[in-house]
Amino acid sequence: MQHPLRVGILGATGAVGQKFIELLNGHPWFEITALVASERSAGKKYIDAANWMAETPLPANIAEMEVQSLSPDLDVDFVFSGLDASVAGEAEEALAKNGIPVISNARNHRMRSDVPLLVPEINSSHTALIEQQETFVETGGFIVTNPNCSTVGLVCSLKPLHDRFGLKRVMVTTMQALSGAGYPGVPSLDAVGNVVPYIGGEEDKLTTEPRKIFAELVDGKLEPIEVLISAQCNRVPVVDGHLECVSVELNTPAAPAEVRAAFEEYVSPIAEMDLPSAPSKLLHVFDEPNFPQPRKHARLENGQSVSIGRVRECEVFDVKYVALVHNTVRGAAGGAILNAELLVRQGYVKRKESAVHA
Amino acid sequence: MQHPLRVGILGATGAVGQKFIELLNGHPWFEITALVASERSAGKKYIDAANWMAETPLPANIAEMEVQSLSPDLDVDFVFSGLDASVAGEAEEALAKNGIPVISNARNHRMRSDVPLLVPEINSSHTALIEQQETFVETGGFIVTNPNCSTVGLVCSLKPLHDRFGLKRVMVTTMQALSGAGYPGVPSLDAVGNVVPYIGGEEDKLTTEPRKIFAELVDGKLEPIEVLISAQCNRVPVVDGHLECVSVELNTPAAPAEVRAAFEEYVSPIAEMDLPSAPSKLLHVFDEPNFPQPRKHARLENGQSVSIGRVRECEVFDVKYVALVHNTVRGAAGGAILNAELLVRQGYVKRKESAVHA
Amino acid sequence: MQHPLRVGILGATGAVGQKFIELLNGHPWFEITALVASERSAGKKYIDAANWMAETPLPANIAEMEVQSLSPDLDVDFVFSGLDASVAGEAEEALAKNGIPVISNARNHRMRSDVPLLVPEINSSHTALIEQQETFVETGGFIVTNPNCSTVGLVCSLKPLHDRFGLKRVMVTTMQALSGAGYPGVPSLDAVGNVVPYIGGEEDKLTTEPRKIFAELVDGKLEPIEVLISAQCNRVPVVDGHLECVSVELNTPAAPAEVRAAFEEYVSPIAEMDLPSAPSKLLHVFDEPNFPQPRKHARLENGQSVSIGRVRECEVFDVKYVALVHNTVRGAAGGAILNAELLVRQGYVKRKESAVHA
Amino acid sequence: MQHPLRVGILGATGAVGQKFIELLNGHPWFEITALVASERSAGKKYIDAANWMAETPLPANIAEMEVQSLSPDLDVDFVFSGLDASVAGEAEEALAKNGIPVISNARNHRMRSDVPLLVPEINSSHTALIEQQETFVETGGFIVTNPNCSTVGLVCSLKPLHDRFGLKRVMVTTMQALSGAGYPGVPSLDAVGNVVPYIGGEEDKLTTEPRKIFAELVDGKLEPIEVLISAQCNRVPVVDGHLECVSVELNTPAAPAEVRAAFEEYVSPIAEMDLPSAPSKLLHVFDEPNFPQPRKHARLENGQSVSIGRVRECEVFDVKYVALVHNTVRGAAGGAILNAELLVRQGYVKRKESAVHA
């Protein structure tokens, strides 16, 4: 790609925004040209506005960039939104109205009927919904979202089972990492040596988002699948990586070995697209009885794959297993970047000839 | 009780043995008169043989006692067994044969048809099985066991549902404390900032033990109940307290409010027995959405009660909730002590006139 | 004590306030009759205003009490102040002016020349300073403070060395618990699997407070001692208990055995006063090479004693050792309660005949 | 380098051995051709013999290699020794006698007068000692060691102060990571939410090793420097990264700003050698008051640099600061690899024409 696309980061000083900056460092297609944050940060150098938390150093060019306040006029080709849900709804709409594609990690527009809830390996055809967005028709701007972090781990692991056997009922209990709550997030006195058996709103997302993600696009409308899902979500003292214990009842019963084969043999439908952030394998299956573990395996394939282990018979449903997803990479910023890469390949995101309102 | 019963602790230097010693300190009925450990420790003062790990200081009288090696001739009224499963099987049998009641925390004899798998609040009538034990008829010695630590939390919470609505299918995912693995147990490099999604043998115990615990005693034989149970067990970096996410399908469907009422209104059938270690309430129901938590609530009622929270509708079964049990107290040594107290009240354990058949 | 003294808790909903409530539950002399918090909490029942965090349940009588807003007119015999430093200064003065003794944990008045910085076992005579307080003369109200939590561990351990050998230079590095930062306090992403080598203002307190605590009262004025102290303070992922590595240069050089003896033989000068919260021994000396440890020993003597271990020769100074103090008990609320008990015995705090100035 | 040097790893299945394998993956000069472990592992494929613990996957070519038992006849150009101290002494000598250079992380030969205790940036000239080793003269084999992990962090930070101001007295308190104890290492019940104020043998190493590392080589003999060092070592629940709180008395007193400048301006004497594993800067100075932190900064420069922060005046000595070293990289395997690279450049380690004694 001769000229990189110019990217803006919304919510650039927050936890998700920082992850976008970290993961885009050295990206072959995208170049950050705008850092957007709240009024309080606007006008400051990024290094002064942000409390940089990553284990890798803040890239020098980003450190010196001036933070802008939120405005629909951004001289960029598209934006990644790491905005908080309290402001994301209107802000993202305003940008789309102004002709800017918004690749969002926020939950606000996820369930809108004309907004794709996109996981490239699962439902890349859902991007056709973009063309139903009023703003796309008028200005070329639009909104695409990625699912909640724990939903991503679940649906990636369920995808081969959905394809081969059909999903009837799913029980999932999550053990979610602290980084999923942002910063300052969970107080340490609640986290150290403890488990908090509650994450506000999380169980609902796990119940509803998969139905849309697996939906079929029929006559331009998504038809959600029928699967019943029940979730129990817990916060555990882990830094990165959501672990999920899943039990599945299939439409066509299958033995654990068949299910394991479905995981192992799963070939990503976007494999041939050569997207820079796509993992070499979406699913990694472990046979060691005590794997995967968040601290040891969340970073596999730079955090873009999902690890699966302990595939075995369920005494109540057909099969049970454990899935692990890196919540801030594949489950958030990394997933959004992969979405943007898909949209570039599909032609929805492209280099503008000139600045937005030049 | 004028003269306390004389108690021996088997496996006295191990993690469970130490917990017996800690919990029996100041016990109104029982006095430790024998500490039994491996050959390596025998002959030493307890303080020199054991690596005392409790947060409360080692009682001075215990510190100076001499550790004995295992022998069927112990001058005690009964023993608590905190032996490792690798030696508990034969050792406990030998003692029972020699006229000594064995109140065991080991798993070896749990599923024997003539051995009660006892939780006083649930199946106190199962102690009648003792009379079927050959040793009891011949010498008065016998074996009684308590369930696996995570089983205890599950069955205590299921008891009122079993009574009122009947149990059909149960899914449980556990997040278990490090102390459940004993000492040295889990290496810190596997524990800190991590979850290990596997505990050897644990899921089987959760699947099978409850059927025996809830069994009906018909014509002197236990008839296990039919419930289907599927468990996924995880080790989390928590010191004490197993947290369990449970989903239940009932024989008679019930709304969450009815289920919550069943928990709340549950009255222990042993309440009137006035056992020293019985909790004032077996079940404590929390309405705060983020409770119970292991670090904050495991010690409720000195660790002898089970905490329940988040009672709500399950999208797949009837109801789901969270249960918390102190794994080394109610789930191990404390449960065994309560068993012994019940057996005293029932007359199975009593003061011997003289040393064991000396 | 026939009629308990009526106590108010300032900052009752905060972390320190909660600890006062927890520790005063069942206190033989003191009864909480007023709970004071911010405007936001005033008028609510305590159980609704506070996010109760202790491992012991909230006492039922406290749960139902109505929280009051801060006012100099409180119908109490004295107050404990767990106020934040941002408001403690003026609020405590106003109460003292209004005739109410203020036993404060806040740092604001600690270094005032007429305010005792009190550790009963070290400087109980400093309470004579109270009589120099203008408010005491006019209304009977006054202010007494306890030191910073890490200072308490240091000075209690230094006391016998000061008495026997004299202190010349002290180096101390602390590893401080998360509870010292209150709630929400340290974000979990900074705490889990990490150490933060900085605690704002802490090192200064460790350097300056001991000089005042060990000061001699000469002609009604405190003469600080000359000792040089350098501190490095770190936050570690421990819930309760500050551990301190101390190296001391003595005025009269002494061998480790002599220093150990000084610790061991130390007899508290308030031993005969029979104060309810005084530990049986102020200092507990461990000879195990790896003791004391925060999780295992911070609760010794209900958290009111200081544990010492690893007394050995220092290659640079005379001696080095490790000290452990329970930061929220002895180092905060528990220390303040012991101060109040001393002041009752000394007659400075007493039951009022009627309401403050009714 | 046209032909890579053939390397053997002693203790290949242990924690240090695994780190050697991880760090040598893709190394431009060195190729692992022999994996040596105990009899129990010999003959197995590496993947079956080792419990691979790194966060990066086991390299495929290593996984399939057969583990050999220890023997002085190894067909390699040199070895890295990650042997346990209980066997390293004799084993390393035998190999050296047989003509094989041994770059060892074990402590056994560190203080031998003809063995360099090597940190390339500090004392690269000490490698001349090799020529005094009997084995070197006879067979070309020799032993070179790197210091204890916490010593490395200390001496790297002290180096610029030694050069500019001279060292008189040093006090250091360490907070050391769990990985320093190997695997299984510290039991999790001692680690989680706790600090253990003791690490066997560690304080002695910190006291004695720096004197040798900073020694001058005069007439072929090392003259240790005179500095007095006192250390207190603690184990904290951190995975990787030893944090050290250091106070220094200098021969020529200097203000904190001068000391900070000495750190900042320090230029490694081996900078121009272009060693593959050398960090771009040995020392990274932070000005943020709460940096460096183990979880965030231990991996800086792939773990090969030392981070320094909080440079400030010491009330007792001249200056105090905090240093952070990645204990298993710079403090162990990574330091040894850098040593080997230096020895290649200096000509002590080179490609053999044929197998050892073929």
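Points to keep in mind about this one:
Just so it is clear, A, B, C and D label the chains in written order, and each chain counts residues from 1 on its own.
Everything that follows uses one rule, which is that a contact is a pair of C-beta atoms (placed from the backbone, for glycine too) under 8 Å apart; a residue touches a chain by one contact, two chains touch by 3 or more.
Bear in mind the structure is a predicted one, so any value in this text is a computation, not a measurement.
Comparing the centres of all chains, each the average of its CA atoms, the largest separation from subunit A belongs to C. Each of C-D and B-D has its own count of C-beta contacts, and the greater count is at C-D.
In whole angstrom, the spacing between the mean C-alpha positions of subunit A and subunit D is 40. The mean-CA centres of subunit B and subunit D are about 48 angstrom from one another, to the nearest whole unit. The distance from the centre of subunit C to the centre of subunit D, with each centre set as the mean of the Cα atoms, comes to 43 Å.
Across the assembly, subunit B contributes residues 53, 190, 192-193, 237-239, 295-296 that each touch 2 or more other chains.
Subunit C meets subunit B in the complex at residues 53-57, 192-193, 239, 295-297, 299-300. Contact residues of subunit D toward subunit B in the complex are 53, 178-179, 183-193, 237-239.
On subunit D, the positions that touch subunit C within their shared complex are 169-171, 173, 175, 190, 192-198, 200, 207, 228-230, 232, 234, 236-239, 243, 245, 247, 289-296, 309-310, 314-317, 320, 322.
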